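Following: one structure in structure tokens, then a few remarks.
Chain lettering (A, B, C and D) follows the sequence in which the chains are written, and residue indices restart at 1 in each chain.
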Amino acid sequence: MSNSNFTRRGVLKTGSIAGAGLALPTYLSAAAHSGFTNAPTGDTVTLGFNVPQSGPYADEGADELRAFELAVEHLNGQGDGGMMSTFSSKVLDGTGIMGKKVDFVTGDTQTKSDAARASAKSMIEKDGAIMISGGSSSGVAVAVQGLCQEAGVIFMAGLTHSNDTTGKDKKANGFRHFFNAYMSAAALAPVLEQLYGTDRRAYHLTADYTWGWTQEESIAAATEALGWDTVEKVRTPLAATDFSSYIAPVLNSGADVLVLNHYGGNMVNSLTNAVQFGLREKQANGKNFEIVVPLYSELMAKGAGRNIAGIVGSQNWDWKLENEKGDRYAGTNAFVKSFGEKYGFPPSQAAQTCYAQTLLYADAVTRAGSFNPCAVVEALEGFEFDGLGNGPTLYRAGDHQCFKDVVVVRGKENPENEFDLVEIVEVTPTEQVTYPVDHPMFSGGALGSCNPGA
Amino acid sequence: MLGLTKKDFTLFVVVIVMVALAPFLLNPFPQGSSLAQMFNAGYPDLMQRFVIFGILVIGFNILFGLTGYLSFGHAAFLGVGSYSAVWMFKLLGMNVIPGILLSMVVAGIFALAIGYVSLRRSGIYFSILTLAFAQMSYNLAYSVLGNPSSNFNLTNGETGLQLLLTDPRILGQSTTPDGSLPVTNFFGIAMRDSYELRLGDWLFTFNAGYYLCGIIMLISFYISIRIFRSPFGMMLRAVKSNQQRMNYTGLNTKPYTLAAFVISGVYAGLAGGLLSSMDPLAGAERMHWTASGEIVIMAILGGVGTLIGPILGAGFNEYFKNILSKINDSVLHQWLGFLPDGIEDFLVTIIHPFVGKGWHLTLGLLFMIVIIFLPGGLVEGGKRLGGMITGRTRRSAKAEAKQRNHPAE
Amino acid sequence: MDQIILQFLNGLDKGSAYALIALGLTLIFGTLGVVNFAHGALFMIGAFCAVTVQRILTLSTVVEDPTKTDFLGNPAKISTPYVESWFGPEMGAALIDWSVPLAIVFAIPIMVALGFIMERGLIKHFYKRPHADQILVTFGLAIVLQEVIKAFYGANPIPTGAPEVFRGSFDFGVLIGFDPNAIIYPYWRMVYFAFAAVIIGAVFAFLQFTTFGMVVRAGMADRETVGLLGINIDRRFTIMFGIAAAVAGLAGVMYAPINSPNYHMGMDFLVLSFVVVVVGGMGSLPGAVLAGFLLGILEAFASMNEVKAIFPGIDQIIIYVVAIIIILTRPRGLMGRKGVMEE
Amino acid sequence: MGILEVKNVNKRFGGLQALGDVNLSIAEHSVHAIIGPNGAGKSTLLNCLVGKLMPDTGSVLFDGQSVLGRKPYQINQMGISRVFQTPEIFGDLSVLENMMIPCFAKRDGSFGLNAMTNMLKDREIVERAEHMLEEMNMADKRHMHSASLSRGDKRRLEIGMCLSQEPRLLLLDEPTAGMARADTNNTIDLLKQIRDQRDITIVIIEHDMHVVFSLAERITVLAQGTPLVEDTPDKIKGHPKVREAYLGETQAA
């Protein structure tokens, strides 16, 4: 671990100017650089990885950070190259990005919009980061995306699932690889129909904030399209830790499915409470009572322990994908191998999305031949690629959202080990989860034009 | 001078010089050096935070330091101020002045209402009342008042209130000609404009927004000195000292405490307005009780009831918060690279839990150390240090510390 | 009607947790005059005692199983808990199943010791310091404690199940003439309520009927006088701190199956429990218990759809609204004494 | 018509009749002492005069105006100052600041948002406070932290603070309680000096008969919440009922 690959971009930049002597006043804004914010001038380029390091999502953030470090290693030609070898675009050659060695800085979002923006700002202003990535909440993603748009750097979103990130809050400088609530709903609907039929009555418990609302809206719309009734939509406070008073009335409400639009600690607690109340063993309307958690991560499954068994949800990616569903999902095993060998356990979907985003950025820069955000945006818009573990994928130009297959999973009844908590039920193909750019759930915003800063 | 005593004036000048030269003082290491990466704090965002939180704590100190009323919900005013300013940028235009003014007015009205109710009780009952009001504001801002799909989206919930290309901005433009959001400015000077100065290996950044905040902070600081030295300030200290005697001396304590509460609320609103002016997004988290707690921490860290304490406390807290959280293992390896590999790895393992994701731990330990060993906060630490240098005995410094309720420098 | 009974039960359960934490806080405040912001952290550490006992019981021997492979293609590892190899699979599995109740035995000495260390090492230096300093130093301690836990156990919640026999729920409704499934209640929550009642009862009985308790009560009322009688009140107060820590810790141990423990659960409870203590009246033990149950029940009622339809978002703020109303109408909370913490 | 007229004041606490039909008339420029055994209602009566307690029935007129229903600070502004049993001063403030506060209260009223002037530049107030300190023989202690004063000095300071407001009525609640003999004598001298030099009415509640008889011009004896007798000190000394109810006990003890 003593390989210090750390040379600040400033060293050479300064060195070259130091000869000129003293005071060389310039406005940071204008053309002193190549016309865009933080243009790398030395032989390194700095990326900013802004992940939750404290607070409830710290473990997820740690996994994202591992993926980022791995991606940087691979870009710089160390390690086994991971998904670079399976990636359909072949311009990355392990010499950094366009010959510049990749450096990175890290920061803590604390899963708070304010703190995340402050952290991203310091990366941009102090460390000269030219791209910001990471995060594990939609509020943070939207806030940081807005900042990057204003500052003129690229934002490659990490884990953010709200429709708004590429919907009403989309930005020209921001890109999302992760899927969203609409896609979750569209992917889940056929599976739910197949598993639970078309005559169901759903009761929604929804975390009372932006992401919860968009997911509730998406799932309710998708299940109602199947013919399900929505009995009730109940909002629960974000700060709630004990959901008993929300869970208790469910069974007597006439519902036979409980949809938990909760994430993180909220989901772990509400699911635990629901199982405690014995909902899964009950009968309602002559059917088995079921619980659905539209989005959950490996870490949440771990937190919920055996309560997750049999619970259906959706994921952006799963580490078993290539083994079970064939080489349409090539790249998965390569990534799992290099991640697993370095850290000793398989990567989470958050790690995969962060790794892919870093590679996609590096690739776009290389293809564009410039670090200029506008060139990068152009290179990413409408980019079709494969081999990053999700199958053929499109970065749609209209909203900077990736379109790819969505994995529907179910908690395993008897997990063999602590990494093997979910099983893949189905992979819903891209076509079924694609929606028009102007879909009502995504309307209300505009990409605007790319901002190179300067 | 300026209506200040010589001692106060000297202090004020020192603070002016510090604020003016902060871009130099906070960047002691040459750019690109390994120490610079972490310890240099002279970049716009952090410098702005230093002075903005300085304002916030200066205001809090007028309430807590002088009257002894411990508000545990002061972050609510910061949040309210932030939202007000962003609304001004959305509706009116991007000049920061209307935003800042509105944030002060709205925070003042909030403080008047909350203070009027809360000041009916004292001690911990007062603290819990303010806490309750602030938590209510936070919870409502996060959920009910921030639903984008409702007609009454005041706060935009989790994401925070942000500028949109579709905002009216009746006195300005909704979008710039190239299709982006306009930036906050002070009569044409963009808040994010900076002037960079290179001196050899050193790079110094002079940011317009920082200097605006700095000037406002100096004005706030000046007003706070005047308040401390005024009859009003003395009355506030008298409230803290003996309310019974106040009442039987023909003085009505309620308007005094309420005035102090409103003044400190306006300060907090101003700080919120400035935060939004520097970065036009207002998140609900800045109203959370931990944010209020942080204000208390900064005040006590610096030295309650002292003039300079709030600035020191705010600086200390913000600095360590920002610096510690950004140190990761590769940075540590870089610092310790000169050591033999074994020792280097060992030291990195030791330090690792205290930096990066462990920054809370270090900050918690620092709080404890300061509170345990410096009951008067950093100001007392400075005095003891000064005492040691000038050869005064520690005892006299301690004796002085006992009187720390006096407004000291 | 069934909804009301149901939410009343929920409220009792929420209230048990609030009351237990508030009881410990009040013990510390009433005896030592210290506002202990680290009390939530003690609750959290209690919950992690349960986690730790579960971890210890599931410590395993690891052998490689060549017939299976793990995710990297290496031979899979089969782990067998030591307790299963020592006590046989059935007994071992039972021990693991009962790890939470077992943890009580371990938690008591650990929490008492932790309480002693905290009081002797830190808190006692703060008796004469302003309340704000006490709050700050204990708040710092709370951060340190939770970060230490985070460093060892991570930020993710750790599932800690109740014994098999207490899983699932009981149908109360049928018992009192409602439709099936109208009023269901999990067994473990009933256990928790009963446990809380026993602890609260034990603390009151201890203070009421033992000489030690009498001295402590006298000390709570008038510390100086009792000190003048030549009774070493300090040592007794140290012990009270240990007891308060144990109460918080036990509340945490038993809470672990209700919600998977995580490192910040103490902070989640901290503000609420302070509101409870103040609503109950600073320094009043019955007040703390009463307020704990009152707020728990009101919180449960506020989360009913019927109530939320009238007051949107009321469940977000009910605790604070009630706290404000009570503090304004009853200046010293429900049962507070005059002059305590009013300066 | 006295400066303070107490008419038919009754006050009950639960089942206890603390004050029963108290009638009292304090003549202007007199020193009037109220004495009585413990629990006689002296403090309750005093608290009714200054607005801390509200009598159940009856009236309290100061200079013809009712004080009932007014807050303590309003009553003080009418011209009534109170000295407490244990000196109530602003312990965190310096002696000079302590003295300045009543001067501000006298000049600026019960509230002034006088936040931008330097208090030490307010010549009028500072001079007045300094003058008062000199009168109290405390000028050399003006920069001391008032909490560190001796008990006797605290008492002097408190009295000085009250006097600096130029009250028309000064209420003293056991001003020498807990004092050493020397301090008590000093306080008596101080009060005598005030009585002789100032245009003021003094009401003193006192246990110490030495103090009462050295100062008072009239004495009211209170027992079980009711005035037993009111007269001049000489008459009181010889009054059989008083001896029986009160003084006898004291002498025996």
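One rule holds for everything that comes next: contacts are C-beta pairs under 8 Å (C-beta built on N, C-alpha and C of every residue); 3 or more make two chains touch, one makes a residue touch a chain.
Predicted model only: the values in this text are computed from it and were never measured.
Separation of subunit B from subunit C in touch steps, taking the shortest path, is 1. More inter-chain C-beta contacts link the pair A-B than the other of A-B and B-D.
For this pair, subunit A with subunit B, the centres built from the Cα atoms lie 33 Å apart. Chain geometry summary: the mean Cα position of subunit C and that of subunit D are 52 Å apart.
In terms of their C-alpha centroids, the spacing between subunit B and subunit D amounts to 46 Å.
Annotation: 35 Å between the Cα-based centres of subunit A and subunit C. For subunit D, residues touching at least two other chains: there are none. Multi-chain contact residues of subunit C (touching two or more other chains): 313, 316. Among the residues of subunit B, those touching two or more other chains are numbered 139, 143-144, 360.
All chain pairs that count as touching, in label order, are A-B, A-C, B-C, B-D. Listed in rising order, the residues of subunit C touching subunit A in the complex are 2-3, 6-7, 9-11, 13-14, 17, 68, 70-72, 76-77, 150, 154-161, 167-169, 179, 181-186, 188-189, 257-260, 262, 264-265, 268-269, 299-300, 303-305, 308, 313, 315-316. For subunit B in complex with subunit C, the touching residues are 64, 68, 70, 117, 120-125, 128-129, 131-133, 135-136, 139-140, 143-144, 289-290, 293, 296-297, 300, 304, 353, 358, 360-361, 363-365, 367-368, 371-372, 375. Taken in their complex, subunit A has these residues touching subunit C: 54-59, 208, 232, 234-237, 239, 241-242, 244-246, 248-249, 251-252, 265, 268-269, 272-273, 276-278, 281-282, 284, 299, 302-307, 319-320, 336-337, 340-341, 346, 416-417, 419-420.
Listed in rising order, the residues of subunit B touching subunit A in the complex are 30-32, 34, 36-37, 40, 43-46, 49, 139, 142-144, 146-149, 156-160, 162-166, 175, 178-181, 183, 193-201, 203, 205, 279, 281, 283, 285-286, 322, 325-326, 328-331, 333-334, 337, 341, 344-345, 348, 356-357, 359-360.
Against subunit B, the residues of subunit D that register as touching in their complex are 50, 71-74, 76-77, 81-82, 84, 88-93, 97, 100-102, 104-106, 108-122, 125, 145, 161, 165.
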